[in-house]
């Protein structure tokens, strides 16, 4: 296998290197790639869309259709992880902790249950008390991270970033919560159903905006047709549409990242986690 | 999203804050978030401000208990004392770093250093105080906090005797003063 | 030539197809089921016969169903040759239906509904093949027929039938896919059409080697005709119930093979082309080889049905032989042999089945003396045998006579010898059975065991009487068929 | 003007990539993979692809690595190659 | 030296992308551990992203975010030269590609976890042995 | 000034080589972690410097910020691993 | 503005998301939503096909941007046909899957429908789009959903098969992406027509050659052409039946469509067959693929796996036909996309019915099935005949064109391979028929009792109806293949 | 002004150098963390200070906010870096990594 792999790799490499022979120089401003389509984007985008971040303009408007499917891919990944790993079965052996004393009870009989409430709480085999310092620092940091993530989503038009990056950062903040405390804390705060709904909802916002454009008599995702629905400068309607779309992306990505993480780290049991 | 304070308050062994207090901590969080937003954004476009408001509200509404799990009246004072603690800390950090630089660049470094672990106990109670002390220790001369638990027991890894001897010392006092705790 | 567009050929094909759902739905009531078969058979025959006058007038009936490429369509065209074959098949179908009722019930076979359904499907395909207007349609029905017969051959669902079924399919399906299909597509590739026409479809696109290869592909590819290397499916298929062997393996299936070869030789290549390239001799050589070898093998077979099967193999080659003579007399003799042999051979098979049902005996050596117990059966057997051997007053004489004339006409004296020799061989392997049946001592007489043997039930005896009688009638009145052949082949 | 940075970072990237696939401890691989993504992010930034850099920072260095660690946590660190 | 350096600079990115890609491909084909293969896969994908981003780069151009766009009402009238900004299109494409790659990566990780749950190993040869043990090898 | 920034950036890259050495050859996983952490902190500065080189530092600050944060998450996740799974790789070969 | 073209793709996507929401609210609702979405999609596809036949190519601008800037849908005859095929098969399969999904994914049928719809969306998008990069994204959607689905199938082998699928799938998609990158580098555009225009000026470039090779290899990997097929059998065998039924007929076929699209629309006939000298080599490759697929299928003991190898074989047909370099071969390839999709679908429907009752379909499990599930078997037999190429089923007619094309191109080896593979298929299927026809009873009655006491009945009516319908459509498609060729394929090729 | 900036940057670079050398030279994992955790933090502090001063070159409100934003990084690093360091040390302890001691003590 190694040898075969080596040969395949070398062949591929040779093919690709052969192809590079006619490449324009790196950074050549006159290469076809940098002159044909991109000039239009660079010169006209701000005029047509009022969005200074060209990447966002192209991403969410000119090629918004791509981005919609990209979001769908993320949603699909989340759903796939959920379907693959989520495990609803009740474990036979269970552990409980007596909250006031901290005594840990190990229940082997699957029928016997303890009432989970003030006195007892569920616990996992590999439970480890979370670290105080990490916990406190993360507690302080998480809201800032979140506001930062939302800032990134909202400012996709002006600075790098956008729905996807913001969503990932927001998702990371949730992951951070799960890492610094434990997974149960996260799941208790943002429960599974909510994440699931949000994942679909995010993409739905995107598609929904497209469909609304369609029902307003435009093409799919043609934001300019949204103008009658939104107050404000009709010139900025495309920027607004992009913002709406980015928010949808952000929601979907956040939820998908959370789902993927939660399911991988707990093998779908939603218990202790990393 | 489902909001529940219990996941966090429980660790402090204190009951969940009352309605008013939680509103207050929500408000503070909101203001803090909004300020952060403005610093981040740097734009005063009405739309963006609105978005900032909504975002701050969102974060504050769902995560206020993260930043201020226990709302107490003394936060303002603590804040100012903390600010005044900062320059001292930075100065200490700089000193520590020069010391460390000296160690690193010393040709016979391995003779100078003497890594070992020391343990000491403090009477600090609140999480935030313990954390501040632990991080300060980590940032200052040749010492890194290994563990710090709820009871205020610290294990510290020190790179040489000199650094180890300085602990807990002044820093503990200062931190205790900042958070108004007994030593 | 005048062409009439009519839906009748399609109806004739579809009648027994449409009856299948009815058969399946009435599977719990055997009598109702069988009456449906009968009705369908009669309708089919009527439809076929109703076209007869038109054809005899020298007109043709045509119907194009689906044209999927220029020159390649699913289309029907009824001409003399097809008509002849259709009449034989559909009339014998009715007879066989009656016979199979008796046979299946007599033996209390399982899966009778399945049996009759596939039987109906097979006969549909046969008629379809008879009425095909082009090679594509012919191939289509040929394949359907192959596939529809498989469940019939493997009807007993035991180990022997599994093996036979496998062999049957290997030969039939294998050759048709591997040889006929590429040959056909090559024809289309060269000429752009597959329509049969008496002049042939090749103008002068073919070289002699190509033509030879193509012809051989067709001749061997239509393995149902039982040309020698590809013959062994036929004896194997004799494990099937006797009605199947009778109708399908004496009439429908094998004759479709032969018919296809005749069609290809006359309609695709054209007599002139074959004559130009002198390809008739090639085919004749192959056919003669088959005739002689199969006859010899038949001599050594003890199981009656297998002997009949080898006899069939050799008789089929007569037809091909006759066509390959490429002379009017030869063509006439060859094609009319389709009819003559059909009636003769089916009689023989019917007899074999009747003997089996009545006595449970399969082997010739066990049959001595049975003629006294089953006089009608053995009388019919005698007539059938005469037909196959070519003795007057059975119809077989007419075709053999024409064949011999044909060889003379084509000045192929050596092949005439082949015919004569094989006729002797035929006589050798048939007449002893008759002789033993009537004059030999039966086993019971030898053993002294008092086993009561009597004539099989009426459902079995009547059909074989009918076919035997027709066999004789055809000797005296072959005119209709001769006319059909003459209009069909333009001789 | 940025080519020296580009050149050096690219070389680093190659090092990281080779190391990441040859380390015999999957957690090490995870960590090196994170480093690899950091470098890549730097590379995109050098080439002016800020959005890509941002995404790579958040995805490659952040989420991917965490997923990786999580997966290693739930499977095993052991590997033969 | 004077000739060599511009040539290297001009093609360095493309060469190195090929090398990176070969590394990734090799890891995917030859490595025994499934997670290692996944790393290879990611390296492979990043190599492609590197290629695309390299296409888009322009010397002496700035990042594709229009400067001073909101500096005032009159700012729009300023003419934008295409040569001043880096080509945004490859960036857009690569954003999508990165997202796709992380999605694939997540799913692949989930699959790896599932496989480990079932077979307690992620080494290909051991997996093959396990499969043979339980009679599932074809 | 930009020449200076460039040389600072190159200097940082040079220093990064040391961290990279630790990351690539660190005897234990945790050494690698230290190396990567150190690379991360240098990268934050590098990003800012690149921003100044492009004269668009406002765009790069965001990335640097995200970077710092995500580096933290990664390091935390990797080190949390050891809270749950004991041992370096000697033990993990056993099970 | 007529939005029908967009609706074909958007309706399933929207339905997928709504079904995804419904998972959390009312699980049963998701089935209805899915059904509605696909019905709308199918209906739109029919409408678009009519429009295209009437008035020629339809262009639809996504987000209203003119083509080279924005993404456009370019629906010509070929597109429209494949769209209708995909949408209707997806719809029919959904009709048939109601029960089997319940059986196989007893925990989360709603999520299944969501992923299913996303998969269909991907396929439809791949077919409709006129943009090279958009194609990549959509391919990835289909791949990702397939990965998930494959893993959900067999508990033991599913995840492993899926992970291998991931590796190879990613390599394939990445190669394609690289190819697009090389093209973009040379042309600066991503729109197919635009790229084609620019390419016509730079045919000699080595970069374009590499781009072409990369694209082709990528697509071949995705469609599992012979040496790159290793992922397919396991992946399809171990996926849930409801999914196998759609992925097997559609995925590879759509990829063949993509290949044809790239060859015809993007690179152009001239480039592919005149500038490059690859056609012979590829036809040889296809020949080997056909033979190898058949031979490998012969050695399988599991019915589902056997069928997957037949798919490998069929892919060889289409690739060979498309690379023949003449109109007949291309006609055959395109016709075979349609026919093969139908017949594979029919086969897998029948297999699905069997799995529904038997749970596993190793060949010995099938004994006596003709008696127990006659209608299912009838469908199976028809589909099998079609694969073998028995007239008048549709398989015969595409084979006809393919062989004709091979004759015209002088590729007799390919024609021979086709014939041989027909024979192999005949052997294969009659092996199966034999097993199904001769029940265990014939070998001894005692044996039959020990086999199993569970009486096996015919599959549920909903599954049977679809199965029967599709099997009959094989004949109908066969009979009307002349019409299809004349109204759709030939005008497209001109 | 530029001199100040250069000074800060060079200082930061110097700290980073210390960190880098420390990472290489220190004998064991725990002692390596000291330079890595602390010197880098201070290095970031110094350099960001320098850069934000440079950023205030053309003074405006926006530039001020930008500098504040940069200091947000410092704030962040000051919080996270010691935590990360602590977390790594903790991990080392839990992993059972022995710390390096002087040879004379080893007996």
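Lettered A, B, C, D, E, F, G and H in written order, each chain numbered from 1.
One rule holds in what follows: a residue touches a chain if its C-beta (ideal position, glycine included) is under 8 Å from a C-beta of that chain, and two chains touch if they have at least 3 such contacts.
Please read all numbers here as calculations on a predicted model, not as lab measurements.
Steps from chain B to chain G, taking the shortest chain of touch contacts, total 2. Counting hops only between chains that touch, chain C reaches chain D in a minimum of 3. A count of contacting C-beta pairs for A-E and for F-H identifies A-E as the more extensively joined pair.
Between the CA-based centres of chain A and chain B the separation comes to 29 Å, rounded to the whole angstrom.
Chain G and chain H have Cα centroids lying 57 Å from one another. Rounded to a whole number, the gap between the C-alpha centres of chain D and chain G is 37 angstrom.
In this assembly, the C-alpha centroid of chain C lies 70 Å from the C-alpha centroid of chain E.
Multi-chain contact residues, meaning those touching two or more other chains, occur in chain A at positions 16, 20, 23, 27, 31, 33-35, 37-38, 41, 53, 55, 59, 63, 66, 70, 73, 76-77, 80, 84, 131, 133-134, 137-138, 140-141, 144, 148, 152, 155, 158-161, 164-165, 169, 172, 175, 179, 260, 264, 267, 274. Counting only residues that touch two or more partner chains, chain C has none. Within chain D, contacts with two or more other chains are made by residues 1, 3, 48, 50-51, 53-55, 58-59, 62-63, 66-67, 69-74, 76.
If you check the complex, the residues on chain G that touch chain C are 385, 388-392, 397, 400-401, 403-404, 407-408, 415-416, 419-420, 422-423, 426, 430, 433-434, 437-439, 442-443, 479-483, 485. Interface residues of chain E facing chain G in the complex, by the touch rule stated above, are 25, 28, 34, 37, 41, 44-45, 48, 51-52, 55, 89-90, 93, 96-97, 100, 103-104, 107-108, 111-112, 114-115, 118-119, 127, 131, 134, 136, 138. The touching residues of chain F, when paired with chain A in their complex, are 58-59, 62-63, 65-66, 69-70, 72-73, 76-77, 80-81, 83-84. On the chain F side of its complex with chain D, the touching residues are 2, 6, 9-10, 13, 16-17, 20, 23-24, 29, 32-33, 35-36, 39-40, 43, 46-47, 50, 53-54, 59-60, 62-63, 66-67, 69-71, 73-74, 77-78, 81, 84-85, 89, 92-93, 95.
Chain A contributes residues 131-133, 135-137, 139-140, 142-144, 146-148, 150-151, 154-155, 158, 181, 184-185, 188-191, 194, 232 to its touches with chain B in the complex.
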